[in-house]
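Chain nomenclature is as follows: A, B, C and D, assigned in order of appearance, with residue numbering initiated at 1 for each chain independently.
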């Protein structure tokens, strides 16, 4: 038995959550589960329908994007996952979907404005939208560059990836992450929910703005601050 | 056996209605069931997924927001429920969700206009949207103040909580109530339906206005007036 | 056994179709089944949830709106059904829902424009929207007057109820009818589909107009003309 | 046993996919499966509900639109299928639906702009929208002419049907095709997904434009180019 069996299982179960949460059509999404100590992650094989997926199909890849174990070809987005794992220590899972509301904002090249407490319960800034890459990056090692484009945008906006666990890639779709693959998938579902509500709020009142800072801070702190009182201890 | 078992059961069953009616994602909602004579209410524990919820997990809290019985931490919105129960006699249940259409209006800081008979069958005014609180209230006892903000807004608009059983809290989400927890949940589903239809009516015809008073009165009276003839006797 | 058992069964089965087709929330809709020779129709009792409905609960009412058989109070919209049955011979079923897309157009006080062949497959004009009634009609025998308001609007637009089997009542919701209760319910589902698509077409292209007459005629005739070739002989 | 049994089975199974993927209301759609060597295709009978459909009901038709085998009348859109099979060699399946988002764009007489990588993963141009036909074509052999209208529009835009496997027919609805009937149905679902997302992107940001060419080429090539690396070998 492979020593990566626990990773395969974690990635497998997290991938199955995507269709269950209504976040994917056909094969348009993937989740990975990482083990930082071993320097590898398990990821969905490319183009395999979720209904046909088996635990043993998960591909083990190192943080440079090289396949370590597995007979199938890993997700075509594997290099993006690898770059993020290598550069953002502490991430244990990454999810990528083309969920319709989040992708609609990405196609509109617009960050998702922070308009309510549902949003502030999860992050204290607009959901960032990384601009499309320069042509040289696109024609180069595209999926690696997607990872760097995300990181560059976080640096430009002075965002911390441990606090803001989601991003839109302009003209493409969202990536989310977290300490575990379950958290990464949870963040994908939350992002889709926020994208849906902000879309409608904007259509109801195009001049409705950002929620005020005091309320953002309050809602974030009651869930994530030092004296958080949301959830069980 | 606890003397509050009937309350726990009522709150438990009402909470399970929220996912069944499509009103909540993950744990984003809660219902409470009150016993005015005993001066307590049962409420969902904070952050527990609906699928894992058990009747005995419901927390018994008094009308000052203090836990009377229960091993789990009550919903983070508990103080809002307590304030409303304490100040609005006759309410037997309160529901709070982040249902997408109602929340979209709350994020747009807009009341939901009364545009049709579905709305008038349930209330005779626009669904009010309480403005975001002053910073002093937000940084103070936030959830208590949310209750007072709702009550202040009802007073400013001269609304009667026994006739208008729902409110949007600006930048946050809806609260609904009723004589029983079932009625509170029913009101949450009706509010979501009204929010959905008003959203589309406004996009179809931005200049479409409020329904005329005679029709509002007629529809309300046939369901709630002295000679009501909707439903069974 | 009542001689109206076949009518009760037809009305019962047609009413159950409403929730199955996603056309109603809670009790917001009703279907009736008429027997023109007997001069009566069977209709849903008022305010009874679909899940609790039994065949024997259907109320038998004559074309003047008087209850002939049944222990329960009939739908509050019964008089509207009665007026249409009495004045529009050949109708065997009527359905009334508050389905969200159709109701949104009714609330916008706008007819639904004929923009495509799906619409022309079923009727050759915009779906009419009867204006809200004068106050005297509203404060009078409201539900009877709703029937007359529909008929007056058809007369004003020179529409034939055997060819146009659906209408929006402004600020209220749709009514549909047909030779059988099944056809009336089918028309409610088709109307909702047309309302959904026209809503989106208008948002995509606000200046998109009506489909041209030659195409309307072609699609209608291939399904309903003398040489119709849609469906089985 | 008919020598066309394999075609009937293929068409039958592909037709059942339409309701399963949420692409049809009632009978509003049809799929055919062709055998180019035999010069025939199997197609859904006209107006038969999917729930009642049986494999042996599929009608065998030649590429001139004449029925070869089958007791039922073929889909009223049969001639459109025949024209495309006759003139576009290599197509093994065609699907036609009135799916709501794609049809909304067709009713708006607008091509669907290429705004993201989900779109570019499948085709490198806007999804074309053939204009409504001249009256002479409409009053002539309408369904044959629909096939020619599609082909003419592809010629006008210099599109290749082996690369662009979907089209909107203005004021009508979409047609999709592929090497197999399964691929044709897959394309219908993808088209609906693209139509949904582009609709929302346009409402979020009306001035958001087409995705840049380098990114279109990259995404298309990684899935369909000579060195494609999406999916399994």
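Note that a residue touches a chain if its C-beta (ideal position, glycine included) is under 8 Å from a C-beta of that chain, and two chains touch if they have at least 3 such contacts.
All figures in this text were calculated on a predicted structure; none of them were measured in a lab.
By the residue-number overlap criterion, the interface of chain C with chain D counts as different, with under half of its numbers used by both chains.
Rotation relating chain B to chain C, from a C-alpha superposition: 90°, rounded in steps of 5. Rounded to whole angstrom, the centroid-to-centroid distance between chain A and chain B, based on C-alpha atoms, equals 33 Å.
For chain C, residues that reach two or more other chains under the stated contact definition are 202-203. Chain A makes touch with chain D in their complex at residues 25-26, 28, 45-48, 72-73, 76, 98, 100-101, 103-110, 132-133, 135, 138-139, 142, 171-173, 199, 202-203.
Of all residues in chain D, only 115-118, 186, 189-190, 193, 196-198, 200-205, 208, 211-212, 214-215, 218, 222-223, 229-233 touch chain A in the complex they form.
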